[in-house]
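First subunit A sits with subunit B, and in the next complex the same chain sits with subunit C.
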Partner chain A sequence: MATIQFRDIRKSFGDTDVLKGVGLDIADGEFLSLVGPSGCGKSTLLRILAGLESQTSGSVRIGGTPVDGLHAADRDLAMVFQSYALYPHLSVAENIAVPLTMRRLSNAQRLPLIGRALPGSRTTRAAIGTTVREAAEMLDIAHLLDRKPGQLSGGQRQRVALGRALVRDPSAFLLDEPLSNLDAKMRVHMRAEIAQLNRKLGATFVYVTHDQAEAMTMSDRIAVMMEGELLQVGTPDALYDHPEDIRVAQFIGSPAINILPVDTDASGTIRLCDMATGLRASGPPIEHLGVRPEAFVPCEEGELVVGRVRMIENLGSDLFVHLDAAGVPMPVTVRLPSSARGRIKVRDVMRLTATPARICGFDSAGKAAPVSAHDKAHDKAHDTAHDKVARHV
Partner chain B sequence: MTYRFSTRQTLAHGFLILGAIIVLLPFYVMISTSFKSPAEIATGTGGVFGSQALFPDPTCLALGGNEPDCLVRPVLDNYSQAFTAAPMWRYLLNGVIVTLSIFALQTLVAVPAAYALAKLKFWGRDAAFALVLFCLLIPVHAIALPLYLMLAKLGLTNSYAALILPWIVSAFGIFLMRQFFMTVPDDLIDAARMDGMGEFAIIWRVMLPTAIPALLAFAIFSVVAHWNDYFWPRIVITGDRSLFTPPLGLREFKGDLGGDFYGPMMASATVIAVPLVVAFLLAQRRFIDGITLSGMK
Partner chain C sequence: MSDLASLTNSGPKQQRIARPERPERRQARAGMVLFAPALVLLILILIVPVGVAALLSFTDYTLGRPSIDWVGLRNYIDIFTGSSYRKMIVATVLYVALVVPASVFLGLGAALLIRSLNVGQSFYKTVYFLPVMASLLAMAIVWEFALHPTLGIVNRTLAMGCGTPLELWSWFARSCVDGFPLWLGDRDYALYTLAFIGIWQSFGFNMVLYLAGLTSVPTELYGAAAMDGVKRGWERFRLITWPMLGPTTVFVVTITMIRSFQVFDTVEALTHGGPAKSTYVMIYAIYEKGIAQNLVGLGAAITILFLAFVMLISVAQRRFVERKVHYQ
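So, the complex of A and B:
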């Protein structure tokens, strides 16, 4: 059990800067996910923490002690790999036992044949066998202990890899995209199991993934990385509702957030396609508005967006409606409850609004900027202008 | 299932059969000769197995024996000569000692070297690998003289060391194992490091067991080459017959003045060839059902 601290970690491969000064504190027992698109440096950060790669500058502390320059084996961490990385020549039981035999037995005791005859070897080996069995039972793979990895399914191999990690009771678990080789159903299942494991063991988990859904469902906190920088670290709720950067807003959530290009005039009024939106920038000028698909509400008047239905996706529980909206380059996605089924048809015109609290504003640099409701009620001119657009689309 | 006649296939098989005959013919001559009496060998009669008619053993007659007492059956005489006229068991034992020592030491050098060349990052790695490839181009005979001089200066000629030491660094072995290690996923090595293994533990506990098929392939090349080697033992073993390897043993039957003893010589050659054939018929299966990397991705 340990805290983990990154201090200004930089890493360059030749001329390419993979990490550009990452600082991050992870609490004891926390489940932290590192998410970002591929090539953002998240795996490199994890490998630096593991000791498999060394940083160009900066320092890493585990449990308050600097571990820079310490070998991977001496950092008391366990890691689960995307490819599982099981030893193909060893049985499941032997695979899980490896971290224990490497640590509890001396060099001589590990020798084949002779090692077993040495004093103390038998009792230690028996103790290792018990621990391995306990770990296997916890992961429900006790019946597979004699098999070779080649005879197991993807999900079973994943459990063995987890078993090998947790058998040693390390201070932290590092998981590098452990679910991406599994099929969709298995992935959802293992997602729940890994989150439960974190609660049961109370150990620190650092989980690397490119899948925002995994990060959202499992984590205490998420760190979003892009192009070697940490964009935002926060709880899943905070990231979803209050993204600090337009790239975070776009990365988190499925279907993706709707980004509306807007202008802010000198008085702070935000205009979409030259029409007032009823919103004003209370800070720096706003260039984009972000609205989650479920934040939109159909309305009769005073709308933020108006558009023609292009496509309807019926998921049973929900309805995703895609609109071609005036002044918005990408189709606008709206999530409606299943009760709306049959009431909307393709080519219908829809008017949508959202409460200002659920609208995110972003300035020219893509950083979050405050948005508030316009003081005045919507004037007639605004409404008629919108009507014209509605007839147009 | 019916098979249609195909000119292409027939020609291809005809060509392969011809090749097989060319390769197998010397073995046929060797085995056939080992069955025959000296008269049959000299006249080229007797078919495949010889007539197996009894003939008087010349040594027995020379020692003053009666002809009826000295009659022997050719096949029995040839093979018993092979083992009695020369210490064949000793030669076979030497062959086993030398080839197995060479292979074990080659493994000890080639596996760590190949691991370093395939998986570790260090300055000059590519240059080092290029040198290994370059070493593959150097024929043994080109360096035989300097090697002999070095061993002679060290006083190591006429010893097992002379037979073994020059071969323990095998460029081919390093190359072959390196190519195999390149296919082992990096994750597996990282996992081993996380599990607390040092680099040497990774080599012997992870890389070697996964590389058994490649190591067996190398074993075949190494053992065949050194079991059959006549050139090098002939150079460094000059006097001591107890150090003779099997191919040197064949020279026992090259009688110079007393004429050649082809029958016993071919019997010895057969005895020398049999262990290799048997060993590699057995090893063949391991190639197919050896440990695969399929469990890794």
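So, the complex of A and C:
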């Protein structure tokens, strides 16, 4: 069990800066996901933590002790690789036993044939066998112990890789996109199982993924990385409701957040397509508004966005309506309850509003900036302006 | 006859009208047609000559003589009882036993060392591969000069060691007094010298095969091993590299074995099977008996024996591949 601290980690390959000063604290027993698009440096950060690669500068502490320059084998960590990295010539039982034989048996005891005859070797090997069996039973793979990895399905290999990681009871688990080679159904299943494992073992989990859904469903906290920088670290709720950066807002959530390009005039009034929105910037000027698809509510008047329905996606439980809205380059997505089925047709005009609390504002640098409701006086003008737009689209 | 013709002609036709032929059948027939030329060639240039050689091995046939006498197993009995034939088996097996392990492990070692280099990989690859590309016959002449008992660079270099601490080695001290070995001219050294040239010539090829094998070892396995507590290079080699190179090793060993069974050019160029038949290897014996002395029957018998050896290796290799080292 251990805390993990990254201090100003930098890594460059030649002229390319892969990590540009990452600082991150992970609490003991926490499930932290490193999430970001491919090439953002998340796997490199994990490999630096594991000791498989060394940072250009900065330091890593595990359990408060600096581990820089320490061999991967001495860091008391376990890792699950994207390709599972099972030893193909060893049986499942032998695969899971490797971390134990490497640590509990001496060099001489590990020798083939003679090693088995050495004193103490048999009792240690028997103990290892018991531990391996326990780990296998915990993961429900005890019946596969004699097979070779080549004879297993993807999901079973995944479990063997997990077994090899947890058999040694390490202080932290590092998982590098462990579910990306599984089919969709298996992925959802293993997602729940890994999260349960974290609770059961109480160990620190560092989980790297490019799939925001995995990060959202499993993590205590999520760290969003892009272009070698940490953009935001927080709970799934915080990231979803209060993204600090427009890139975080766009990365988290499916379907993606709606980004509306707006202008802020000198008085702080936010205008979409030259029409007042009923919102004002209470901090720096706002350039973009972010509204989650489910934050939109259809309304009769006082709308934020008005547009024509382009496409309706019926998911059974929900309805995703895509609108072409004036002044917004991308189609606006609205999530409506299933009760709205049949009441909206393609080419209908829809007026949408959202409570200011659920609207995120972003300044010219893409950083979060506060947005508040405008005072009443402006509402009248705003309404008539929007009627014009409605007729227009 | 006409009945038969009508049967074979109309039979399939009627069937075709009654029930359209399945595409699999049509494809299978097309496959047979396409594969027939290869089969004919295979039979003509491989199977038939081997069959002829097998038949000839039971005769006393010589080129130009009008009659052939069936001699039964006499040629084979000669091989297994004659002293020069025993020497042939000994020389061949010894040569293979020396060249195969040495060139396989040197090839593996060179491949591992080259892989660990940061710079100069292609330089070393080229250097080690040069002997493979060079004509062995031409190289044999170079070796003949180098190994010349008095003028050769080998003995002259060794002679420079006389009077130095190297004389603590009793063999060296004796050689300084009695003269260094004649190498190719000494029956105690000739085969070993040829084996040395054989190793020198073939390990570069094995190195290239191992380099190819090494690229197919997934690097994530080494990461996994490091996480599992493997720190020393030797453990890493034992846990991952060596097992993962299993298929390559089987292939390399088989190829090297067959190639060293076939050694001929150095023997022909340097020793002619001598001295005292110490380098009288199989292919050279086939050449000497069958071609030089025109004892075709006897040459054929040795050829059949040689083929049996090679077959044995190939079968063993197939078994080994199927049973042990095939993971996927």
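Criterion: the second predicted complex is superposed on the first by the 390 of 393 C-alpha atoms of A that agree within 3 Å, B and C clash if a C-alpha of one lies under 4 Å from a C-alpha of the other, contacts with A are read in each partner's own complex, and residues count from 1 in each chain.
The rule is short, and it goes like this: a contact is a pair of C-beta atoms (placed from the backbone, for glycine too) under 8 Å apart; a residue touches a chain by one contact, two chains touch by 3 or more.
Everything numeric here is computed off the predicted structure, so don't read it as measured data.
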Three-chain arrangement built on subunit A, subunit B and subunit C clash or fit: clash
Contacts of A:89 with subunit B and subunit C, given as first, second, both or neither: both
First, second, both or neither for A:150, with subunit B first and subunit C second: both
Subunit B versus subunit C as contact partner of A:127, first or second or both or neither: neither
Contacts of A:72 with subunit B and subunit C, given as first, second, both or neither: both
Which of subunit B and subunit C A:311 touches, first, second, both or neither: neither
Which of subunit B and subunit C A:99 touches, first, second, both or neither: both
Touching both subunit C and subunit B, counted on subunit A across the two superposed complexes: 47, 50-52, 71-73, 77-79, 81-83, 85-89, 98-99, 102-103, 148, 150, 164
Complex contacts: residues of subunit C adjacent to subunit A: 218, 220-221, 223-231, 235, 239-240, 243-244, 246, 325, 327-328
For the subunit A and subunit C complex, residues of the former touching the latter: 47, 50-52, 71-74, 77-79, 81-83, 85-89, 98-99, 102-103, 110, 148, 150, 164
Residues of subunit B that touch subunit A when the two form their complex: 185, 187-188, 190-198, 201, 206, 209-210, 212, 291-297
Residues of subunit A touching subunit B in the complex: 47, 50-52, 71-73, 77-79, 81-90, 98-99, 102-103, 148-152, 157, 164, 181
